[in-house]
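Note that the chains take the letters A, B, C and D in the order they are written out, and that residue 1 is the start of every chain.
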Amino acid sequence: MLYSMKMMREMEHRIEKLYRQGKIVGGVFFGRGQEAISTGSAILTEAEDAVCPCHRDLAAFLIRGMEPWVIFAHYLGRRDGPTRGRDGNTHMGSLKHRIISYISSMAAIVPVANGVAFSFQYRKQPNVVLCYFGDGATSRGEWHEAMNYGAVFKLPIVYLCNNNKYAYSTPTQRQMAVAHITDRASGYGMPCRRVDGNDVLAVYEATQEAILQARSGGGPTLIECETFRMSGHSAHDGAEYVPKELFEEWAGKCPIARFEKVLRERGLLTAEEIARMYERIAEEIEQAVQRAEESPFPDAGELLDGVFADSQAKNPQAAASPAKGN
Amino acid sequence: MLYSMKMMREMEHRIEKLYRQGKIVGGVFFGRGQEAISTGSAILTEAEDAVCPCHRDLAAFLIRGMEPWVIFAHYLGRRDGPTRGRDGNTHMGSLKHRIISYISSMAAIVPVANGVAFSFQYRKQPNVVLCYFGDGATSRGEWHEAMNYGAVFKLPIVYLCNNNKYAYSTPTQRQMAVAHITDRASGYGMPCRRVDGNDVLAVYEATQEAILQARSGGGPTLIECETFRMSGHSAHDGAEYVPKELFEEWAGKCPIARFEKVLRERGLLTAEEIARMYERIAEEIEQAVQRAEESPFPDAGELLDGVFADSQAKNPQAAASPAKGN
Amino acid sequence: MAERTYLEAIREGIWEEMERDGDVFLLGEDIGAYGGAFKVTAGMLEHFGERRIIDTPLAENAFLGAAIGAAIMGLRPIVELQFADFITTAYDQIVNYAAKARYRWGAGVPMVIRGPSGGGVHGGPFHSNNPEMPFVHTPGLKVVVPASAYDAKGLIKAAIRDPDPVLYFEHKLLYRRIKEEIPAGDYVVPLGQARIARVGRDVSVITYGAMVFVALEAAEVLAKEGIEAEVIDLRCLVPLDEEAVLASVRKTSRVILLHEDTMQGGFAGELAGRIAEKAFESLDAPLMRIASPDCPVPFSAPLEEAFLPNAKDVIEAARSLKAY
Amino acid sequence: MAERTYLEAIREGIWEEMERDGDVFLLGEDIGAYGGAFKVTAGMLEHFGERRIIDTPLAENAFLGAAIGAAIMGLRPIVELQFADFITTAYDQIVNYAAKARYRWGAGVPMVIRGPSGGGVHGGPFHSNNPEMPFVHTPGLKVVVPASAYDAKGLIKAAIRDPDPVLYFEHKLLYRRIKEEIPAGDYVVPLGQARIARVGRDVSVITYGAMVFVALEAAEVLAKEGIEAEVIDLRCLVPLDEEAVLASVRKTSRVILLHEDTMQGGFAGELAGRIAEKAFESLDAPLMRIASPDCPVPFSAPLEEAFLPNAKDVIEAARSLKAY
């Protein structure tokens, strides 16, 4: 888990650098300070489970097996990315990895994630879905419809909210008149848990329990992971609206540093081993970026491929069909 | 209040008859058995307050001063209805009466009702809005967005849910995994009350308290009125899916009979006075129907009037503009 | 062969597909015990059970989204909208999720969204809409508009088997009003093939849905005046059988574009664009569009009657084109 | 006169209207302290205060609905969508509530819905859309698409003063890219009047939004070849200045219909319908439509470049029309 968190952190640093260099265009979002959430949960998925990560959950992509170079290729708009250059930043999906792509409309993925969970239920497969979203997204109607729907049908799904205290520039107290996202779960009749989202072990334990319940037909759980967005909303946002003290306070709660400490204290990894792991990560990233930059841009001739099935080209990075006839 | 409830009951019977005669076309909906809800609440509004009734709240229209013959004219598609024949059944609105029309998309009125309440807040007027909807509507995302929004901005509004145990053919337990609509209020940080919706005095008291709070800047309240739909979903629905016993059980809880009893027991009205009132109602209805049937149908030449302001004709039944420039 | 109403033909098509493929299932409001607001799914709960005939909460985003997710995993959901008008409440899921998933990341969304559309039954502004255009305009969606019982069955089957999201708009006026002999068993009407509903040489009336009958009614009258109208029933708006349209235009050189949906931004414009680009040389007269005027669908009978295009409109247009 | 970017012109127009009329207020996400994702509302919170510059929760139905209710009561809300793309999430409120209220029961809804639309900035499939068509097709809504700083200010003012719901789609590519001298104080550009952006006699290019600049660029090149293109900037799609369109067609007899929005069901079709009905006699060549191809807006630079119509497309079309 330390590896995933650190890999996510460093990849995002590298993505930011590429963005500042003008090599990555459009906008980029980071999950800085929030790495424990996607890591501590996605690590629990089995091969046939599915994840629906949102824009601050890069570790979920990594844990599901999407290779760093493929991710960089995606950000760079290259043909070897899972969208073959059709989409950018965290809008990645891959049937092969059972990563279901979110779309920009916040919370629109939640009803869709329910449908993926439903397919497991329908086919009597013992699998679960992890569905991620932010605090702001819970103000949206689709979120409500989906939470209610998941509870009514007891779908095998775990809803993971990263409460990072802001939706863009808007603090949670302007998003809602309650203190916690979990205050909402009672309206759906599903269990909920609130955990320290910067403690990867706490996320792990809560998710484990929720997955167990979901797999055994007990229905969904809402987990609120309290955390803080240690960046602007996107790379072009300086976040001047965030009080400095908040950044300082939460810097002291870095999930990576905290987990390092746990591992060292429990004698599971030495400082040296950690340093070596980090070196390896740095190297892997450089190799990945290099390989991604060698990937060609898509060709203008591909523009219309795959609007419909009859014009779809094969994409080795994403295309494994999960079932017949699709 | 007895008058309003009875008038609503009898008008709906008359509407049903006109429908069965083929004089009213399209579909018609009744609030049979639910008359206490719109009556016990709307009766509390002051002249400048506003109501947003839904499809089982005919008494709210009456209490706000819409005349029975105008309502019949509306159902009959005549020019003297508040929509001049453009819309039918309970889709009535009138600025003059501060009745804000709902639209068919269930719960879509709730955000709009918030906006009406906001206008009071913005203009520092001491007014409130009563917004009505059914149990099924609370499954919709717009409902959630609006409840949250109303709570965040502490809008002067009262949300009244008629929980009549069914949304069309779907019983509440298939709509949600919680027992009560009020279970949802905790997710919005607003107070809630659950009352016997067939007891007009209980509705009255709960609404009175909520209005007081709203008027004094204390924000919204959600009131759940437990009741039962003593008809099919609309006049063409035989409601075979409803267990007979439920109809029998709730027939014994008729809000009109109950309130009659209270009035007699407290010595406020004698059986005779009540009988006379009912006779008067019957007469008024016959006169109203007659007058409505004398109202002309709209002329084909009016078809395009009022799509935009520059082609809008004046409609005496609805058109009083609430403010300058509109 | 068996005699079937338009509505029965839809039911039969769905029923047979559900028998054929265990991955096909239904989602919607009141489709189970109640059999749907128009009874299209009557009897299905009893036959197929709760696993496959699913009554949902009143939440279009939730169940359309669920259908999308299930389709991505290879199931074949059919979603019923109680009225097609309510598609506006789950618009984002359709145009942003379902329509774009394959293009973006290769995830096919084989689902059907169906429901009653159209006016003529005094449904008023919220139960009479023809909601096809925003979906015609969204790349990645297919749009089907059957006008006969034969097509209703053959097209719903094609839609269910299609690997992409298909919007299938039934016309509620036709549900019980038309009845035809149709083949008893399995047959498919492929998406994207128009039908010549009546052969003619003088003027082409290009239309779809309930307006096919208006065009045919007008053609009867016109024939008596010696004007032979050719009526093209498009059957699908996407994919469009452009060749059939252009062929008819080349043959008659005079064109009426007819639909029940409102005029501005309606499908007649798209057809006009294609014809004026690709068959300009063949035209001997201006194109004529006939559509509902640009206002909400009114409730009251005289207004709705004035609103809906009728045979008289078509007859007059054909005469004026002939005289041009 | 003062030099203003397109973005500044919008801000100035809103600012002046807020000064003029205390009933005008703003609703949207992150428009207060942050000044909006594109900073259109920068400085407004400080000047007008929290009562009139309102940051909302992330809930488009809630705040669009609230704006509708407030407008019915006579206030003049302006709603900012963070990206115009997200209008899909509150679609029902707009097309069913706002658009129909006046027609149904005489309740006017004087509100403006505005936001950044359009591509060319690598925004990908969800931040590059041109969402005008479903609203053009909905009776009761007006649709404004400014292309210059002068118009941006004059049209936002007209939109705010209009008694009906107006959709005002800004083009994000123009925000800081164009800068003009515009009048310092109050002026209004009335809705429904097109502008001749360049006078010509050989071919009419009828367009709007950022494509006006593509048309002008093409016209420069064509002029050197002796082809004088007339460029019509529609400014409003609803109400449409049909007379200006037809007048140009009658003058040049050759027509290119150009927009950035995708082709099928796009506005070019509506124009084609009107022209082929009403100026058929004047046409000396087929109509030509130039629009984005029917796929989602792709992210990667070479794909987006291939996707967006450009001057070369217009030049080639004009040449072929000239040669026709």
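Rule of thumb we're sticking to: a contact is a pair of C-beta atoms (placed from the backbone, for glycine too) under 8 Å apart; a residue touches a chain by one contact, two chains touch by 3 or more.
None of the values given here were measured: they were computed from a predicted structure.
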| item | value |
| --- | --- |
| Chain separated most widely from chain A, comparing mean CA positions | B |
| Winner on C-beta contact pairs when A-C is weighed against A-D | A-C |
| Whole-Å gap between the CA centroids of chain A and chain C | 40 |
| Chain A-chain D separation of Cα centroids, rounded to whole Å | 35 |
| Chain centre separation in whole Å, for chain B relative to chain A (CA means) | 45 |
| Distance from chain D to chain C - Cα centre to Cα centre, in angstrom | 30 |
| Two or more partner chains touched - positions in chain D | 57, 59-62, 85, 88-89, 92, 96, 100, 103-104, 125-126, 139-140, 294-296 |
| Residues within chain A bordering two or more other chains | 83, 86-87, 91, 103-105, 108, 139-142, 145, 148, 152, 174-176, 307 |
| Interface residues, chain B side, partner chain C - complex | 25-27, 77-78, 83, 85-89, 91, 103-106, 108, 136-137, 139-142, 167-170, 174-176, 241, 297-300, 302-304, 307 |
| Of chain C, residues touching chain B in the complex | 29-30, 32-34, 37, 55, 57-62, 82-83, 85-86, 88-89, 121-127, 293-296, 298-303, 305-307 |
| Residue numbers on chain D that touch chain C, as the complex places them | 85, 88-89, 91-92, 95-96, 99-100, 103-104, 125-126, 133-134, 136-137, 139-140, 238, 257, 262, 264-273, 275-278, 280-281, 283, 285-289, 294-296 |
| Residue numbers on chain B that touch chain A, as the complex places them | 139-145, 148, 151-152, 174-178, 183-190 |
| Residues of chain A that touch chain C when the two form their complex | 82-83, 86-87, 91-95, 100-101, 103-105, 108, 110-120, 122, 141-142, 145-146, 148-149, 152, 306-309, 312, 315, 318-319, 321-326 |
